[in-house]
Structure formats: C-alpha cells, structure tokens
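Consider the two complexes below, in which subunit A is the common component and subunit B and subunit C are the respective partners.
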Partner chain A sequence: MIDISAFQDALGIMFSSVGSWGWIVPGLIVGLVFSAIPGISITMAMAIVLPMSLYMDFFSAIVFLTSVYTGAGFGGSVPAILMNIPGSPSSFATTFDGYAMSKKGEHNEALGYALFASTICGIGGYLLLLLVVEPLADIVLRIGPVEMFAVALWGMLLLGSLGSTYISRGLLAAAFGILLGTIGMNTAGFTRGTMGIPVLLDGISPIPAMIGLLAAGQLLSLAGRDYIIEAEGSREVSVRRILKGCWGTLKFPGVLLRGSIIGIVIGAVPGVGSSIGNLIAYAETKRTAKDSATFGKGNPKGVVAAESAVASAEGGSMATMLALGIPGGGATAILIAAFMMHNIVPGPSFIETQKPMVYAIILNNIVQAIVLLAVGIGFIYVASNIVKVRTRYVLPAILVIATLGTYAVTGETAGPITLFVFALLGFALQRYQYPVAAVVVGILLGRMLETEFLRSYQLSGGNPLYIFERPGALAIIGVMLLSLGMTAWGKRKQNRAEAEEEAAMLRLQQEDAAGRAGSHATKT
Partner chain B sequence: MRIGQHRYTIDYGHLALITLIAAAVFWYLLDARSVSLSVNNLLLVQPVALFALAMYLFIIPQCFHRVDKETAKSPKEQDPLAPTIPSERSDIIRMASLGAALGLLVFLLDVIGFDIGIFLFTAAAMAVCGERRPLHLIGFSLAVTLVGVYGFRALIPFPMHTTIL
Partner chain C sequence: MTNFTRRDTFRIAAGGLAVTGGLVAMPSILQAANYPSRPINVIVPFATGGYNDRLSRAFAPYLEKELGQPLVIVNKPGAGTQLGNSYALNQPADGYSIMCTSAAPYIPLTVLLQGAPYKVEDFAMLNLPSRDYTLAATSAGSEIKTFAEVIEKLKKDPSSLSIGVQPASADYANMVLAMQASEIDPTKLRIVTYDGGGPARNATAGAQVDVGFVGGEGFLPLKTKVRPLAIFAAEKVDWYPDAPLLAASGVKSDFVEGSQRGWAVTTKLKNEQPEIYKFLAGAVERASKNPQAIEALQKQELATTWFGPEASDKAYRDNAAKMAKYVDLLK
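On to the complex of A and B.
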C-alpha cells in the first residue's frame, strides 16, 4: 500500500526542510482567526494569504496554505458553539447540539468534543490518503484525455448543480467560468476574447480573479454592518473542562468512524465538500442513534459527528486534487493555484513522479492536525472576542492586503484591476445566489478542459463513437448523468416537501386564528 | 406587471446581471467564430457558450415573481447559510461607495502612487463604514499605509510606485 522508498524520501524532505514547519502555527492561526469571523470563509482566508506564499519555496507554501485550511476547519465551530453562528458553512451542523450544550453551560466540553474530533478525524483522513496514494497513482496513470475531460466535466457539473439552490443558476455560473478560463490563446494557437489587450493573451490571471471573486466581492457586502456580527458576551473558558470534552470524544468511536467515512467520501467528490458532509454525517448519526430524541438538545454525539466529517473531508478533497488535479471547491482551487504559481501541475504525472513530495505533504498535514490540538485550545481563549472587531477597521485593511497581494502576483496594476472587476462580479453573483466557487473552478479548469477535449478529438479522429472504446470514460459519463439526475430529483423532492410543510404551517396558523376568534366570540 | 390573472414584480437587478452575462457570452462566441470556424477553435467554446445562453433563457422566468404568491408566504426563520447581503437603501449606498473607492484605488495606483492611494482609500473606506473621528481616520489609515507599503516592498521583487514613502 505504501511505497517504502518514497516514504523514506518523504521523511527526508520533512526533516531537511524543518524551516517549513515554522509556517504551521502561523497558518493555523490565520485559518482559525478568519474562519471564526462569520462572513469570512475558509476560501476567503486562503485567497487573501495566497500571494504571500508566492515567495516561499514550494513545500513551505503548501505547508502554510494547508495549515490555513486545517485551522479553518475547526475555527468555524467556535462561534457555532459559543454563539449559534456557524463561522463557515461547514460548521452549520455543529450549531445544532454545540449551541444547545453551550446553553446548558457545557460550552467547554462542546469545544473539547469539536476540537478532538477535528484532530482525530483530520489525522484519520490523511492516514487513509497515505495508504491510497500508491494504488491511486496506478489507477490515474491509466487515465487518458477522454477520461480526464469526462472527470473535469463531471466536477464542473456537480459544482454547478450542487453549489446553489437553483441548478440552472449553478450551471450558468459553471459555463461562464469555463468560458472565462478559455480566454486568450488556446493550445491550437487561436486567440479569442482578448479585446486587443496584450495581458489577456495568456488568459485571465486566475489568482487576482480568484481573490476578487472569493474575497473582495464578499467583503464589499459587509460594508453595511457596523460589527461583523453582534455577538453575545464572552463565556468563561476552562482548559480542564475542554480536556474533559476531548477525553469524552473517545467514548464515541462509532460516531467518529461514520463521520470520517462520510466526510472522506463526500469530500472527494468535486463540488460537494464539507459543507454538505457535516449535515449528512449529523443526519446519519441521529438516524441510527438510540437516543436520537436528544439530538438538537445538547447531545455531544451531534457535535462529534459534524466535526469529524468536516475534518476528514479535507483528506478526501486533497486526494482528488493531488490525483486528478481537479479542485473539489474553493479551498482546493486555491491550493491548485499555489501549485501553479510554483510551476507544478498536480494530477496523474505529479503523483507518479513526485511521490515523496506527495507523501511529505500528507505527513505534514498529519503534523498540522496534532499541532491544532495545542493551538486550538489557546485560540478558544481569544476566539469569543474576535467577532467583535468593527468592520470599519477590518474591511479597509483586508481590502488593501488583497489589492497589494494581487499586485505581488502580477507585478503590474493589471492584477488589482482584475481583482476589482471580479470583486464586482463576485458581489453580484452572491447577491443573486449564484455559486461563486463554480466560476472560480471554471476559470482554473477552462483551459485544461479545452486541451483535453482537443486531445480526445484528435485521438478519435473526430469520431464520437470512439467513446465506446474507452470504458472508463463511459463509466464516468454514466455516473455523471446518474448523479445529475439524482441531484435534480432530490431538489425537486426537497422543494415539494418544503412547499407542503409551508402549506401545513399556514393551515395550522389559520386554524389557530379561527379557533381564537371563536373562543373570543363565545366569551363576549 | 400583470400577465393574465396574476401580477408580477420584476427583479431588475437579477435580470440585468444575467443579461450582461449572456451578452458577454454571445460576444465571446461571435469573437471566437470571427477568428476561425475551425473545430480546433470552437470545439469547447461553441457548445459551452450555447449551453450558457440556453441557461440564460431558462433563468429569465426566475426574475419574475408572482405578487400574490410572495405575500402568501409565511415568514421563515432566518437561515444562517442564506446569503446575507443587506437590502436597505443606506446599506446599498455604503456597499456601492466602498466598491467605487476600490475602483478608484486600483485605477489610480500608478498615477498617485501606492502610498497616497492606500491612505486615501483606507480613510474613505473607514468613513463609508461609519468612522467619523478624525484622529482615528488619520491614525489607522497611516498605519495601514506604512505597514502595507513597507511590508509588501520587503516581500515583492517588483518596484512599487510611491509619491512620498
């Protein structure tokens, strides 16, 4: 399962680049702080710090960014537990029982459960990734351009269809992103959509566009608020009780395992990610638990299930990213951009030729999960005060950093201008519930999609029946159609159920009002 | 607007956004076709553009909301995952002002220099967000300018055009 010589080389990389380890704690702190502020997402945090990683060596840059990713996974659960406000969408299910525990005065224990579940399942997810890299490398090497195109298309369609309440809006966002990604000169030498601007010959610079869409656009929407969130008063923090919660996590090995498996599988599917994984893990744990009636009223199993899925989803999405070079969402899209900034293309050839580096990245992530335990406890002390920062100080400072960051990437004002244009686009897309991540991934994958499609076309000689000679591609297309059909059916069912529930509520209200009117008439 | 028996409201902002996207897609398709009609040029661009335009036609009806249906809706509990962009007039003015300030910053960086640009932008953004105390406005803007300019100058190899610093 593990290539021993590559593993030894990976240990060599780990110990020869001890300096890179220094980026773990700052990365974790950045991730924890940003994700604890509701309204500032994991992807926003990673997008803002991405340009800083440009001047680090490759391994340090990846260590820094993955540390931000790891820290952000737990950071969102702190306001979820203390204030019933998910710091990020992936912490939504944590609020159900986390805040209920908090109301009972068990917030320290709840934070302990969340922190330890994050640590254990983060390590579990990466250990599994360590084991599957070798067989994964054998499989992905057999993938040709047709399969690659099918996988990328599947990822885009999933991102588009699942990232929004409306499938049509998601698909439009994905298609628009792909087209933006193909601007400039393609591999066949044709130049499109440049409007005569020389900078656009190489296409839209993805990093400023990404920072604009994911960070600046959403920051603009915070301008109307005085505080990012009107928080409740801070609660007393006790390390002893947090550790008691940590220890208590071990009483639920089944919940941890189920949450991890759901998190890894869902995290590996492009477009789904931890924001859905935590809800599914929570629902499954509640469904199968003997004490399901106590869920939502402060059952620690609910916190453990949700957090275990969030932490392990990171390993799953990293597997897809490393093996296929396809980002599962905004955060892994930024990691791919970091790879590209160092002229490294993740995917089948990277995993085969750079196996020691892949192992080193995975091992470092395991170290990060362990360090998170210590940094996380320290962070809880300050976390409840972070959300009280006034927007008048946060917004200008972050926007200046983002603008200077894009200048650092391009070395000319084209970077900041791209940031501005895409910030406006991101703001408008968010306003009307379009999945911004689908546009970002489209910009990143547009060129790759076109290149693989062209290669497939050339290999097949333009014969569409060639697809029948590629069973792998056929299977992927089959799964793609099936999953799209299921998504559409599921959403239809959900909408119908919601409509029925609304109608029932309305009926109940009307009956209630009629009953009250009747009793009032009898009294008079 | 009345269509048949029902009254509808039109979400002009949404309609404008998707029309803008569709226009950009249509222009891009025409531009690509004007370069060459070769399959190697249009293989991906043409079907994706046509798909996007089809989605546009599919989304247009979503910009029209039936009034009676809207008013019949019971007030729902606040969904913490739903987009939380404020819709009050004063908030929209704040967001637009901040966007305009960012636009001025990026387009004037080369003209007035990074130092003056960042200082003015920070002060303007703070004022937009509600800060009125002159000392705070000047002090914080100055701190952001100094940290930003000197910090990034140490970090990046490109020259940063400044007027004073």
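On to the complex of A and C.
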C-alpha cells in the first residue's frame, strides 16, 4: 500500500520542480493535436517528441511525455465524435454513439461527455495506481495466454452489439477481418498471406486500414450532404452545452466505474493496450444497460463507457512500466526509452530505491488530468467549428491529412497504399451492406485471438482440461458467461413481458371486438 | 586550428592530390576529400526506443564530434530489419548513410528464413560493441534451481516442462542444440512461441512458462524476478556475473552467439570509397574510446567496447556461418 514518508518526499519533488509543470500544457496540446489527426496514433505522437525530450532534465522530460500521452488519449475521440473517423484505434468504440449524437446535433454534449469521462477516469486510474502499483504489477505478470484468449473472445462479443441487418453478413465480415488480422508472420514463425511483400511480414498496419475502411463509408454518406450536421440550427458550438455534457457524465457512476476497471486491467497487461479495453467496456455497458436498444443511436453512456476505458488504461499501462519496466503498449515503450535516455531503468529496483520519484510521476499525472479538463474544453471549442464548414471542403481536407498522417511518421508509402486499398474495400463492403465495423473489430483482435490461442495450445500440449489449472481464465470466462446469461435472461423476461402485453392488448381488442359484436348482435 | 586531426591531414593530402591531378581528378576522390560536408544519416532498422535506437542517440554526440557533422537518426523498422537493410543498400555509397543495427542475428536470419534480396556479405561492420547471449532462466519463485535439473526432468518426460522461446532466433537454435546434446527429442518438447524477446521474458518472469530461452541483456531490469540457469557464452559475462555458464551444467553443446549490435556500413562503400570507410572506422574508434562517452553510455546500460572492424566482421560472419549451418533447426 501507500508509503506515507515517500509520499511526502514526492510532494517535495513536485513542488521543488515547479518549473517542469510548464511542460504540462504544451505536452497536452501536442498530444491532443497529433492524436486528433486521423492516421497518427498515440505511440507515433510520442515517438515524434521523444528526441526533443532528450534535451530536458529528467522530471521535465517525463512530465512532457506523459502529458503528450494524457492529451493523446483524449484527442482521438474528437474526430471520432465529429466525423466518425477515430483518430487512433483506441477511440474506435467512441464513434458508435459519439457520432450518432453529433448527427442529432448533440456534438457539444458528446465531446463534453467524452472529455469528462476521460478526466475522471484518468484521475481514478492514477489514484488506484498510487495505492496498488506493486501488487497490480505482480498480478499482471501472472496473466497468461489462456486468460488473454478469454479477453480476446470477450472483445469479439462486441460484434453482437454492432447490429446489422443481416447476421450472416456480419459474421462473414468479422471472419474476413480476423483473416486480415492474421496476415504476416505469426508467433510460431509461419508467414501467411504476405504475397511476397516484405512490409506485410509485420501484418497489415491497423491504423491506415481502419481509417481507409471507415473513411470510405463516411464519404458515401457525407458526400450527399452539405454539412456534417444537417439541421442548420444545430450547427452551433457552445461552451455551455459542452459543460452540460461534462456535468451529465456524473449521472453514470456505474458506467464510469466499470469502464475504469476494464481499462486499468486491460491497459496493464503487456502488449494489449487501450485499443481493446474500449471495445470491451462499450460492449459490456451496452449489454447490461436497460436501454441497450438506443446504443449506437446516440446514447451518451456509450461515449462515457468507451472513453473511461481509454483514459484509465493509461494508469494501468504506467503501473506495469514503473513496477516491472515492461511496456504495456507502444506509448509506454517510448516512455521507458525516455527513462533510459536519462540513465534511469524503470523496474523493480527503481520502484524500491526511488519510490518518491514514482509517486511524484503519478501525482503529476493526476495534475495533468485536471489541466486536461481546461485545455480540452478549449481544444474542443476550436475543433468543433468543423461542423460549420461545408463537407465539400472538409472531406478532401480530411483525406489529404489522413494520407499524409499515415505517410509522414514512417516515411513509407506502405501507409497511404494500405489506406487506399482499404478505402476501396470499405466502399465495396458498404455498397453490399456488410458491416464495416465488424471488419475493423476483426483486424484489431484477429492477431491477438490467434496468438493467444496458439500459445494456449502449445502450453497445454493440446489438452483442453488445462484450463482448469488456470483459475484466472476460468473466472474471466465465468464472468463473461454470467453477463451473457443475465442479458439473455433479461431479454427473455423482456420478451415475455412484451408478449404478455401484446397478448393482453390482443385480448382487449378481441374483447372489445367481441363486445362490439355482442352489442351489435343485441341490437339486431 | 592548432590541433591537426586525422581528418584535416587527410583533407589536405587528398586536396593536394586533387590539385596535382587537375581536371582529371576522379570524382570519388573529390567526394572523399570533402567528406563529410553535410549531415550523415544513421539508419536504425528498429522503432524508436529499442536498444539500437538508444545506442545511436546516446553515442551520436561523441561520434558527431569526431565526424564534424551532425548525425540524423532515421528509424526504418519492420520485417525483422529487412526493410531497413534494403533501405540502407539502396542509398548511394557516399558515406552519408551508416547503420546502427543488431547485425547478427537479424541480417543472417532475414537472408536464411525470409529470402531477403541481399547477402550477408553486403554489409561491412565498423564495430559491434554490444554482445548478447542466450540465457535460460526461470521465474524467481520456481522450484527449478539448476539447468541440470531441467535436463534431468526433460530426459524423463520431454513434456514435463513448458519452454518459452522466440522461433527462428539464435535462442531457438541454442535451445535445440542443448536438447540434442542431452539426447532429448526437441519435437516432443512443450514449446511456447513468442514473437519477440520482450514477451518471452515476461512469460518467464511471470511463470507462464517453466523455462525461457531469451537474450540475457533484456533480463537485467527484471533481474529480481528471474533465476538465471545457464548462459550460452564461452566465458563469464561481465554484465550478468551470477549467470552460470552452460558448460557448468555439464551439457556439452555447440551454441550460437546471440545479438551483436553496433555500427555498420554497406560493403559497397567499403570497396568503392575505402578512404571514407577508414575515416568512419577511425571516428567510431575514437568516439568509443572517449572516456566521457564510455561513462555516459554505461549509465544507460549501453556498450562502447572497441573490437574494431576486423574482429567485428569476423564475429558477424562466424555468427552467419553458424546460423547457416543450423538453419534446418530454425525452420
């Protein structure tokens, strides 16, 4: 638990290095802007500024980089909500309800919900981290392939809540996505589907693929319209309504809590990161919500669930990094490099000998989350003005920026080519009414599903009873089945109630008809 | 300028040559005479933040001082260094592109297993200061105490322990060689494959697998969470003194040296621009021997040992030859 004297020393570090606080706002802005550009992920944003941080002293460098991380965690949701194009894979689930709200003219509120959920859960994640940084890290190390496979399966359940007109096409699209996700060299060293192209050995890069798929669909639906939001009266940008959204977030404490827990745990697991946490949090919230039918049509709970998982994943990922020196995802890998470049090696010995510094870093992140609230509102205010611009100007600009974004960071044409190929694919899928979102989920989860299944198989020697040796995996599957069962039970009850109601109505009608008929008969 | 550096002497000498040669001076000599007249790119075929990226950035200020020009780090990650290697070979052989890479085992592996369109001999080493070795380890809380125990258990029942390893790596080859030397059938082992050293180390430290065979250097931050069983090196490794040597466990097996990381150029440059190549090698040597550089890099757990081009090239080619010899084990 928390070490009080180290905590006091940490406060000392915080206040004696006030100069480094100046890096919070620039860091947040860099993070917000980069991750709001479709095609640049959180990791890329941090990789761009890493060499810059070399010239700062240690604490300033860490403050700057973690501020970029914090800002980038939220920035991706801005284009997701306003244009249905997620800035990075971690804001994919935000598009489902965020964009639906925008279409209804509630973009101000949607952004407010997203921002506040981000802030609260960011703080929550770090507060928890302050208390359990070491035990959490030890638990994380115990999570093995079987558990991870269960988590990936859980993510796939999201497909059930994507809703499509044809179930068969939905499943086909998901299977296609998973196949795409397994392209490249797998964990056992086998190469599949690369067509001899060396770039594909690492698999299809998910960001240009995702943007291509989604942007093509967006083009189809937006090109026919003059503005993103049709009703002229709704195209306003109002701080009051943003704040209203912020305030509204507090009405869903349950959603925030669930999102945070899912986010922290999944964020802490090495190699998974926040792009899966938001999918699971969204799917779980939708399934357990009483008003699940309105999800995907602009239910603020969908936005809150997705964003809370993204924001709290940052804390989880930092726990693994600080306590073990293991990167939870790409962003923390960059942070570790920054630590090393300042001659500090994060890991068990770092946390033992430098506890005040660890606490100071965590505390600073809490401060960042609070500052994000103010900077974020300003950023939203500026960015929202996009709804006032005609789509004929917005669309080409977005396409150009996205193409440049996928090119600029690595300087390889592979990014733009992937974007183009997947844009065509997305166009075809849309045309024949296959759900594009199911393909995206498949691409995001396909590799993890395969890798973890293969490792589980290798570890167990092919014995399915091995799962009984893994209580963690059993627990995850148990919770998953319970949640599914409860939903099914709830649906059944609901259906029965509806059926009864219908029957009663029918009876009433019949009685009514019979009564009328009777009265008719008596009359004659 | 009061202190004549080697570069200045070289410049004057070459300049004189150019003057006497007059108009017939060969363009390559002119090029060499002015070298370096603009910033030099350092191609790192890995993403930002990896060992080579950190090495290049930490070493850059000291190398820049010797070269007299700034260095620009260019990250070209992907396909197990194949993309970055191809990129480097496509650059003109003018000395303005050098590489900082894990030459072995990545270059031989891309050639042997991925059918990369270049040869091992297309790259010439300047210096490979960082040498890593396969470490067999188990989690700190494990019941296994020695490597001999592992072998004993596997001899009785090859599926009694799970083994974590990266396929198609030096570690994998070493694992199979050690098993074969102990008369254990590698095909009967319970092998769990990981697509990188990091995940394999996490699985070892977290007791996901009973024994992990991974590059030892990466274990250093996790030292307290693992127990080293055997390191696949000929002599005691100074950065991991508590790791027992493989030979100490009684297993007599050939092994492949793990990663060899450091500075390289294309062989084309070495052959076509020998002066530039010599100049680069000299600059790396002086920077590697600079006490300030040694101290700064040591703090970041980065290597600066000077082996020189000949010894580095030999180590690299020996590794490639051994990889080729055991390539069937890797497939």
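Following the convention adopted for this analysis, the second predicted complex is superposed on the first by the 280 of 524 C-alpha atoms of A that agree within 3 Å, B and C clash if a C-alpha of one lies under 4 Å from a C-alpha of the other, contacts with A are read in each partner's own complex, and residues count from 1 in each chain.
One rule holds in what follows: a contact is a pair of C-beta atoms (placed from the backbone, for glycine too) under 8 Å apart; a residue touches a chain by one contact, two chains touch by 3 or more.
Note that the structure is a prediction, hence the values are computed from the model and not measured.
Once the two complexes are overlaid on the shared chain, A:P79 sits clear of subunit B and of subunit C alike. When the shared chain is aligned, no partner comes close enough to touch A:G426: not subunit B, not subunit C. When the two structures are aligned on the shared chain, A:G98 is found in touch with neither subunit B nor subunit C.
Shared-chain residue A:G122: touches no atom of subunit B or subunit C. The larger set of touched subunit A residues comes from B, when the choice is between subunit B and subunit C. Look at A:A188: by the touch rule set out above, it reaches both subunit B and subunit C. In the superposition on chain A, no contact is made by A:G71 with either subunit B or subunit C.
Of the two partner chains, subunit B is the only one touched by A:R169; subunit C is not.
Once the two complexes are laid over each other on the shared chain, residue contacts for A:L179 go to subunit B alone; subunit C is not touched. When the shared chain is aligned, subunit C comes close enough to touch A:L459, but subunit B does not. Once the two complexes are overlaid on chain A, the subunit A residues touched by subunit B in the first and by subunit C in the second are 186, 188, 191, 412, 454.
Residue ranges of subunit C in contact with subunit A, taken from their complex: 47-50, 53-54, 57-58, 73, 75-80, 82-83, 86, 113-114, 116, 159, 162, 167-168, 190-195, 198-199, 202-203, 205-209, 220-225, 299-301. For subunit B in complex with subunit A, the touching residues are 11, 13-14, 17-18, 21, 24-25, 28, 31-32, 35-36, 38-41, 43-45, 48-49, 51-52, 55-56, 58-59, 62, 72-74, 80-81, 83-86, 88, 90-92, 94-95, 97-99, 102-103, 105-107, 109-110, 114, 118, 121-122, 125-126, 128-131, 140-141, 144, 148, 152, 155-158, 160. Across the complex, subunit C is touched by residues 47, 50-51, 54, 140-145, 185-189, 191, 198-199, 201-202, 270-271, 324-327, 333-334, 336-337, 340-341, 343, 345-349, 410, 412, 451, 454-455, 458-459, 461 of subunit A.
Contact residues of subunit A toward subunit B in the complex are 39, 52, 55, 85-86, 89, 92, 95, 166, 168-169, 171-172, 175-176, 178-179, 182-183, 186, 188, 190-193, 216, 220-221, 223-226, 275, 390-393, 395-397, 399-401, 403-404, 407-408, 411-413, 416-417, 419-420, 423-424, 427-433, 449-450, 453-454, 457, 462, 502, 505-506, 509.
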